[in-house]
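One chain, chain A, links the two complexes that follow: it is found with chain B in the first and with chain C in the second.
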Partner chain A sequence: MGKVKSFFKSGRFVSLVWIIGIVLAWEIAAFFIADVFHDRMMNSKLPYLHSIIGTIVGNFALLSMACATTLSRAIIGFAAGALVGFALAIFMSLFRPIEKISYPYLLLSQMVPILGLAPVVISIVHKVQIGSVTIAASDITRVIIAAYITFFPVATNMLSGLKSVDADKLSLMFTYAARKPTVYAKLMLPFSVPYLFSGLKIAAPLAVTASILVDSLGAAGGIGYNMTYSLYTGTYSIFWASVLCSAAMGILGYYAMVLFEQLFMPWKRGSSKKGGR
Partner chain B sequence: MASKTFSAAMGVILPVLFGVAIVVLWEHQAFHRLLNVKVLQLPLPSRILSVLLENTGKIIPDAVITLRTAVLGLLIGSSIGFLVAIIATFFPRWGYGGLTVLSAFNAIPVVALSPIMNVWFSSPSVAKTAVVSIVCMVAMSVNAFRGLNDLKPFSLDLMKSYASGMGPVFLKLRLPNSVPYIFTGIRINVASAMIGAIVSEYFSSASNGLGFGIRNKLSTGQFPLGWAYIIGASAIGILLYMIVVTFEGLATKHRSN
Partner chain C sequence: MGIVAVFFRGMSEMQNIKGTFRNNSAVRLVPAKENLMTDEMRAQSEIRIEHVSMTYPEEGGRSLTAITDVSLDIQKGEFISLLGPSGCGKTTLLRLIGDLLQPTTGSITVSGDSPKAARMNKKYGIVFQNSVLYDWRNVRKNIRLPLEVMKIPKEEWENRVDAMLDLVGLSNFGKHFPHQLSGGMQQRVSIARALAINPEILLMDEPFSALDEFTREKLHEDLLRIWQRTNKTVVFVTHNIAESVYLSDRVCVLSPHPGRLSAVVDIDLPRPRVKEMRDSPEFLALVSKIRNSFEGV
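Then we have the complex of A and B:
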């Protein structure tokens, strides 16, 4: 297995070289636009990567506040959506009629552009009052859409995990006269954890995207708002800094799930062949 | 046998009943009371349907624009993705590393991509198509790479024993092997292409397409028409998906699995 280890190392090395290559390509392209073609639109088209990072450092307070707004709503929505998706998958595997009713809709909803519903939720949530504590409508919208978009991949992947448990293992549990809760705790749930994570990995960047979309469609804060507002006012340095931040958040969401996966399933480290449906 | 047909029938009847129940509850304003929403904000299904029928003349041209963006972007993006997968297959060490880095790009939100493309391309339709192409690239390259390289055991050894070079191995073994994987990539891309097209229409300077319709109608208070546009977008998504599934069935019919 020493071979595998060395390949893993060299794989990291290859990725690193690629990232450096992309950064270099970006800088060279920016150089050509700015100093060879003397494009006046350089600041909007492709500013130097180092100058964008400079902007991020210079406006750290503004950008980190905006990122915190967007990310926290995305995380709440993601957690809620993942929980509901997880619960529905278990219900569906426990009760066949529930599966029969909801599975076609789960499939159907994957073909429907979910983000197309964002303006609808915005238009509905506007006027809803929420108890004594005032929560901004845009916050609720962000959470709802992030939850909604998380829900489907988690539910479908978890369900396919629960359904692909070997029949032999199930009959073994049957011979032990194991009860349903025991079967789920000892066999079904541990077995479907990899499937759950492949759903979570799909959903995490989507939840961030959803939150950003709501920012830019109708909220008064967050990184998406910064993005559209700076475009509107022509402050391209902030625009590019926001774009970089939102890309970083999406990638961060994905790798957070990869990290969780490694924490929960240390035995799976390295091999990531097992896919979803 | 009878129980099997019964169970299959229930698989159709139950979801349909559920759907009908939702529509009936919606029509009788159950959700309005539950969510404390006015009929004005959440139009009734009957009203949406009649508005949809009245405005087909408006919605269909917009749908054609969105469909064109989505399909063109899907084709361009998938082709580039496939090309990347081929290059990665011929140069495995550096290509595979490149693919993993590329798949991180998949996590970049469409919302961030769309304004950049608007700055890069002066033509709104080119910008929109570019967004969809980029969105579709990664899923195809990852799936196609898997299809070109997850070969049946010993098949590569067999080809080697025939003393066949890289070219024949690619044409006769890898390419046929990748067909189901390519369709998986396209199926994933249909959904992302529709999302990409609609979201980029939210931000585009061109005032056409279903995405623009949805946003514009809802923000100007024409809620039934906005919902009619959403139905149109969903219908296109489902249609595209079904076309791909049909082609997939035709192309993989002779395969046992």
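Then we have the complex of A and C:
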């Protein structure tokens, strides 16, 4: 009895309701379009969810290949961007003038829409030949754009973490006569880990988006390529299947970060209560 | 049983104070902690504060005087409280001793050295109002923190941590994270961490003020037991009169606007202190004596 009760109050239950709600709403809306209004454009407007899932199963090889192409570039770009953002945050917290000088540029960088930036990068970047391996220009572009979009939320969140270390914790390090590297290793960085992860959680779906965007801007593969191409050719089943796949990748990116967060911050697991010290 | 001489420095310099303590003589004898005083400890005051003033610069060229012309000698092994309402500069004074702030004028010496030298020589253990534990470290690793930072040989870590856990009665909680502990336990970990480097002086900044009454009284017993066992010099900041009387050998009463030392009261209750003393007439008399000294504030 108690277990049932606590399940109804748990976050899992809420997520379950959400998922069921979305599936139901989708199916009902599709039903109205198809069988009430008898819309002949039903397949482009909103096909049944179960038929899309059927398409995904039927074209699993094609779609998973495309997903792998998009996702792998997104992951590389994300990792590179996260690293740059992390380093930048530490650099800015170490040297206040650098923060003051570079921050407006960082803001500016995020005001430029990537939709406008991506073609510029594509036109600049050329394919790279390393030995027998050729890296396509579109791959490099995907990585660059994904990194470009990732570094900012990571850098700003990390920086705000480094800046919110409370004075008493620092005083403690001062009384221990700790040097700066020690203060960073033992206090600043571990303290900022939760902030870092909130940055990573924002950035992960964005990196996927960036990679998909470059797919559709003239790459020869990837899930974004599938979307554009199937839209042109009128194969709406593949289009919707691709949309669902890209949504799944974004969500996957987010939850991968949640998982990492829990792995890296065991002290946060099951905390929350007794916060008022 | 030994006797320790307690000096009142700076008392004669204070004027126009409405408190009742102007008639304190320069030297008074108070009963010492039993079996704990040695000749060496009697020899010389450990912390010497001479005419110390502290002014914080404020925006617009104005400044805020936190404390003015405080002189005080603290003996080795003494438990001394800095008592006063908020704004009296008691925390400032503690931070000056701990080298977390520099005095504007006057000087502080710790066994003849500067506070900075004392800090570098691992002489201070500090306990703040909040336990200031590092959330990402479990209890053991929190206590180990100063040992890691202050380059104590690695072989000693585990033994020292075990000893500290035992001292504060948390041997079964080494693997717990701070958020899994009650406020009282967190503060005990904080005390253990402060004592891990075996400092000579324990600086405590309102360590129990965030705790409920029951936990606080329990921690009073623990702190006194730890103090008797380790024989540290304790400088204890508080705004709780009864707390200062119960714990201390001497209570330094500070008054605000500007912060100044308005009285030093000997607490001649016998040691070891026991809970029942809180209701004794002597205890209550000391509390009311100190309370009355604030009337002019």
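Keep this in mind: the second predicted complex is superposed on the first by the 246 of 277 C-alpha atoms of A that agree within 3 Å, B and C clash if a C-alpha of one lies under 4 Å from a C-alpha of the other, contacts with A are read in each partner's own complex, and residues count from 1 in each chain.
One rule holds in what follows: contacts are C-beta pairs under 8 Å (C-beta built on N, C-alpha and C of every residue); 3 or more make two chains touch, one makes a residue touch a chain.
Quick caveat: nothing in here was measured; it's all calculated off a predicted structure.
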*asked:* A:265 in the overlay: touching chain B, chain C, both, or neither? Say first, second, both or neither.
replied: second
Look at A:89 in the shared chain and tell me whether it touches chain B only, chain C only, both, or neither; answer first, second, both or neither.
neither
Touch test for A:178: chain B only (first), chain C only (second), both, or neither? second
Query raised in the report: Between chain B (first) and chain C (second), which, if any, makes contact with A:219: first, second, both or neither?
Result: neither
Contact-wise, after the overlay, does A:19 reach chain B, chain C, both or neither (first, second, both, neither)? first
Discussion item. For A:74, using the defined touch cut-off, is the partner it touches chain B, chain C, both, or neither? Pick first, second, both or neither.
Written reply: neither
Larger residue footprint on chain A, choosing between chain B and chain C, goes to B
Chain A residues contacting chain B in one complex and chain C in the other none
The residues of chain C that touch chain A in their complex are 98-100, 119-120, 124, 126, 128, 130-132, 134-138, 145-146, 148-150, 177-183, 186, 210
Listed in rising order, the residues of chain A that touch chain B in the complex are 10-11, 14-15, 17-19, 22, 41, 44-45, 97, 100-105, 108, 110-117, 119-120, 122-124, 126-129, 204-205, 208-209, 212-213, 216-217, 224, 227-228, 231, 236, 239, 242-243, 246-247, 249-251, 253-254
Per the touch rule above, chain A residues touching chain C in the complex are 166, 168-169, 171-178, 182, 186-187, 190-191, 193, 265-268, 271-275, 277
Per the touch rule, the chain B residues reaching chain A in their complex are 10-11, 14-15, 17-19, 35-38, 41-42, 93-94, 96-98, 100-101, 104, 106-112, 115-116, 119-120, 190-191, 194-195, 198-199, 202-203, 210-211, 214-215, 218-219, 223, 226-227, 230, 233-234, 237-238, 240-241
